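The following pair of complexes shares a single chain, chain A, combined with chain B in the former and chain C in the latter.
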Partner chain A sequence: MSELDGKSQTVSEIVVSSAHGQSGKEGGSGGVIVLFFFVGLVASLIVGWVLFPKALYSQKKQPIDFNHTLHNGLVGNGCESCHFFREDGSYSGVPKLAQCIECHEEAQSSDPEEIKFVEQFVKKEIEVPWLVYARQPDCVFFSHAAHVKSANMDCATCHGPIGESEHMKLYQQNRITGYSRNIWGENIVGIKKNTWDRMKMDDCSECHQKQKVLLGSVQTQKEGCFVCHK
Partner chain B sequence: MKIDRRSFLSLGIGVAAGTALSPLPWKLTDDLSIWTQNWPWTPVPEIGETSHVNSVCTLCPGGCGISVRKIEGRGVKIEGMTGHPVNQGGICALGLSGLQLLYGPTRIKTPLRRIGKRGEDRWEKISWEQAISEIAEKLDVLRTSGNSHTIAGIAGSRQGTVSQLFKRFLTAYGSPNFFHTPSCVDTYQLAFQYMNGVSGAPGFDLENADVILSFGSGLLDGWGSPVRMFKANTAWRKANAHVIQIEPRLSRTAAKADRWIAINPGTEAALALGVSHVLIKELLFDKEFVDSHTDGFESFVTSKGEMKKGFRQTVLENYSPETVARITGIDPSAIILLAREFAKAKAPLALCGKGQGIIPGSLAEAMAVHALNALVGSVNRKGGVFPMPETEIQVWHEVAMDSVAAVGINQTNLIGAPPNSPCGTNQIPAAILSGKGYPLNALFVLESNPLYTMADSKTVRDAFDKIPFLVSLSSFMDETARYADIVLPNHIYLERIEDAPAPTGFPKPVISLSKPVFKPQFNTKHAGDTLILLAKEMGGAVADAFPWDNFEACLEEVMGDKMKTLQEKGFWVDSDAAIPDWKAAFKTPSGKFQFSPAEATLGFVPVAIEGDSTFPLLLIPYETMRMAGGYIANPPFMTKTVEDTILKLNDSFIEINPKTAQSNQLSEGDFVVVQTSRGQARGRVHLEEGIMPGVIALPRGLGHTAYDGYIANKGINANQLIGPVQDPVSGLDAAWGIRAKLSKA
Partner chain C sequence: MKQEHGGNGTRKYGMVIDLDLCTGCGSCMVACMAENNVPFREDETDKLKSITWMRVYKLTNGKPYPETDICYLPRPCQHCEGSHGHSPCVSVCPATATDYDSQTGIVSQIYTRCFGCRYCMAACPYHARYFNWYDPIWPEGMEKYLNPNVSPRMRGVVEKCSFCFHRYQAAKDKAYLDGQKEIEEDAYQTACTQACPAGAITFGDLDNPDHAVHKLKKQPGAFRLLERLGTNTKVYYVSSREWVRRAGDNYLKTEGPKKVV
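Our next item is the complex of A and B:
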């Protein structure tokens, strides 16, 4: 956010200085016109860069502040200890209560989040309504097995170093699409620095282009729409 | 400083420029396009763990193994079970649509007591305890007053542990009135009893036959076990087998057969005898089989000293191709050619049971067809037909009847027939309305919908009006449940444990186990459990006959050793079962196949269908794979597959030959009223070359008045237009149609 704020400041400085220049040449009326132009320009830039991104996303807290680092240190098989593949090869995603109960039938520590988890969910046998940052819409077919098992990709390539996080970040939901903000990416313009910053279709195809995998579709012999959109 | 119009224009331009330079329009465009792909009303399947549960489909008597795919407990698809002996992984449209019956709005959610008039559909919810004790109280009053025989039960299935438990309840209570929904299996059983001397459901070794002569059986329209028939058809194509379909209308089966011979409706028996005539006259029959394993072929002297004509003489005298041609409308030369082709085959097989075989049909016809099979030796051999060996499928301990039950059970039943007679369910309404026998005080209906499926719905309703107490054990708010006084909702087939024995027509003894694939969705109870609870509530000898805690315990007991296999594999096949050898095959007095049994005479006896000369046309109902016409109503998925020449919006189309249409001044799509002596209905006409002139046809499965908005009020219920016709020997329903007339509406 600070980066964006900086930008808008720079823009408004330019605006002010050029407004002075204009008014000098064209006199009163012209100056007003230029001023109005810049007022409109600045206002809409502020709306577009600052207010719009804030208004676009609603913010939700995860029901439990889960500590990935802590758990990662305790389990034996990395991410797959909890985010495992089922026997049929399908990917289980966010763990269900049944898995958590294996260790957390009773609270293991005095951590208030853990106690809250045991009291509110384990004892009442209610599934935790986790908010999934990387949830793709129904029209996208994605196989974790193909990427993780066959292509030996790291989880972090798409999901980032979540395994090293100590707290759950805020879940931001796009008010229009209902998608998580992590699909479009934190950067409102869509600029990414890391492979895991965005999860839009272009990001999938970027990697597929680079790796030259599954580019051809049986149906079209062009880029493979039907690989993901079945 | 002057602020004018231009200042605001400038402001606008500034806003436009700033907006364009910000991410807002681009991001918004993207989001809006995504939004349009995610309408909230678009159903999205659950995400989660996939699991499969194997079970058996009991929506029809086909007994196919199914595998239900579930996501996180919610059923998403029903598939055929790979490796099941009956359907080998295949499934039909009805089986596929089963989830709509599970989740659809037509389910009954809790026990109900009627508060409005009958059929008014006004109910109050009651608890199971209330419902059971209320019924038990009523039954107790009847029993103590010596009227135990005045209650009756109609079950949807003739076999299976739940049906047997239902029968057992009536026996222990003291009523001889157990009925089931009859079918062509009942007629076949009688034919076997008379001609083979052995009782048993028919087993057709169709896969090994090479010329299949079907007397109107809808082999690809749901006859027997439908998916098995599709697989058999594939096998016939590969083996170059020939299918000859004899039928007045170009059904799917006829269209896919190698030859279709249009015949005057109801004259199939005459053709079977005509074919026999040619076989005998041209010495094309299996002489070795006839000589060594049959009796009554030649004329003989009965024990009373009378001369009785044998099969040979009867057929040679009365059923020459010319005579048969006059009856059936088939060219004599075609009959001769048909006979020659049939005789030439290595494994010829003739079969009957019209359409899906839901009407028991004429006994004379079944016997004529069976005799034809015997003539070519296709009885009790590979590729032939035989009564299924009666293995002890369920082992029950005897009911210890108290004095009331012992008296009640020995009364003649409702239709005046002695115990163990063929199941004349079709005669119930007439028997009640005639008032000749005793009045019926209570009727229990289990998985059956007589108000819709029985011929002449109006008479059935009139008869039901005379029954003071009507209880339905249905899962759905069908026509009969809606007319009931108390509804005890049953689990649907996907929610209950149950055995599904003997798929219709299948030549091996198979039992499949229906498992609870889903937890009960509503406050329903397994009908087996309901019966056990009811018996326990009644106490005394009735309760003693039901010592089990629940239905599952009962099933485990009666299934014995088989239960383990059923639990593990999902089905049980009697692998030792073989076609009985000649000694065991025939248990007639002579120990041979009997062409001329004492109980019934072979010959063509036309079924006296209703209607006089004021009705110039013949209306025949037909069945199709795209419609469920029995207790199970057509799920919406299936209705979607029905062509708009059969159902368009809510109008049924009556199939008519263009010539008949022309002489009645009707053209395609005209609205008409079809009228018979039993009722009338409004529909439209569809001109179709594939139906004989003078004949009109309507499919079974439309015209429901109950259920829900997705099922009800679509088209005409063909059953309401037809009257039952009793077969003179068996008493079973043999009505293949009715005389009718059409007038422009």
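Our next item is the complex of A and C:
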């Protein structure tokens, strides 16, 4: 017993002394390690929050720099003048060339964007490949009729004050998912200041849970999945 | 808005299929495949791997000539309500990918939510659910003919008949635009109903006295598949032949076919 005790004592002494030795060394280089840690941390944060989000989105220009403010002043029926409902209740979305031609068969001004539009698309009868900021994934069914006609919501609630813009903003596409940046939102953290800042499923359900219009789901006691999915 | 949907706004969509009228032509199956972007394979001989939301079964009474008789039975998803308000597949789904909507009585399947465990397929007594063993491969050019209102499925998820729910969504869109509160019977019909040349399939709101199915389901020869399981399905079958009604469940020789209450 005593022999064993003696051995364990010597072992523990060695452990203690070696630990002392290490801490002695750290005393000299501790500052460097801490500095190295923080430099690495800051670098990782910059990569994660600044460089990666920039690399994640490709930036594309719209084919024509459309002026919403100018058009909004000239048409009679607000947004619905060009973004109208079809007779079957579906929504036309981005206008086709046929509607633009109603006014733009010839250039009406000396605006270079309009001349470009008439020369490149109207005269050649090519549809403008507009990039749709609000394009949702394929599994989503969104009813404009339900929101605009039945619930009397403003376009700006989801789309923001796009009707007052003079230039088209850059279209940013997520390189991994292929979705528009407007779905995730400009803020990479996901902070939302306005109702139109994001267009994710959570943002739809945020309002739907408040309104409680179509409660029917047996699983969740909320709205049925087929209300917004197809 | 609340008044519009609350209270009496609930519907219970279902089908009545007259088996005496069905000729087994398979139009319903074809229409369903085309309408719902159902994937198919070059070799469809392995029925464990093929997908048919609507499937026509051939029943025989097993008797020799001249008493021999056959009957064709189209089988969509039965959209069970059960005694507790939903289907067996909803009970077992761990992903909340399948759900029972008490507003329409339709059992939904959300493909992006499904992770392919296939519990629902085991739970379904009607073999109405199918697993995507492969990604769909459309013959060249056919992707242009896909229905844009139905999202195509990917490999590894379960799919099934939705009672052409996208047509309900479209009918509601039209109703919103016209300011109507009710959806007309002919505004929402499934693809198989419209494709049936014999008029054997009738679709509508089972609870609405103005819809044809409300009366048809109370016909004398009406029965449901596996009635005694208590799945309380929303697809009713009608036949004047007793052996067909008996084939709807595993009855003993001494038992008579159970009637729909």
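Convention: the second predicted complex is superposed on the first by the 196 of 230 C-alpha atoms of A that agree within 3 Å, B and C clash if a C-alpha of one lies under 4 Å from a C-alpha of the other, contacts with A are read in each partner's own complex, and residues count from 1 in each chain.
Quick note on the criterion: a residue touches a chain if its C-beta (ideal position, glycine included) is under 8 Å from a C-beta of that chain, and two chains touch if they have at least 3 such contacts.
In this text the structure is predicted, and so the values were computed from the model without any measurement.
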Side-by-side fit of chain B and chain C on chain A, or clash: clash
Chain B versus chain C as contact partner of A:Asp88, first or second or both or neither: both
First, second, both or neither for A:Gly73, with chain B first and chain C second: neither
First (chain B), second (chain C), both or neither touched by A:Tyr179: first
Chain touching more of chain A, residue-wise (chain B, chain C): B
Which of chain B and chain C A:Ala151 touches, first, second, both or neither: second
Touched partner set for A:Trp49, first chain B, second chain C, both or neither: first
Which of chain B and chain C A:Val32 touches, first, second, both or neither: first
Touching partner for A:Phe141 - first (chain B), second (chain C), both, neither: second
Shared contact residues on chain A - chain B and chain C: 88, 90, 137-139
List of chain B residues in touch with chain A within their complex: 1-4, 6-8, 10-19, 21-24, 27-28, 30-32, 34-35, 37-38, 44-45, 47, 49-50
Contact footprint of chain C on chain A as seen in their complex: 85, 87-90, 137-139, 141, 143-146, 149-151, 211-220, 224-227, 229-230
Complex interface listing, chain A residues touching chain B: 28-29, 31-45, 47-49, 52-53, 56, 86, 88, 90, 92-93, 137-139, 174, 176-179, 184, 188-190
Chain A-touching residues of chain C, taken from the complex the two chains share: 1-2, 4-5, 10, 85-86, 90, 93, 96, 99-104, 106, 108, 110-113, 149-152, 162, 165-166, 169-170, 172-179
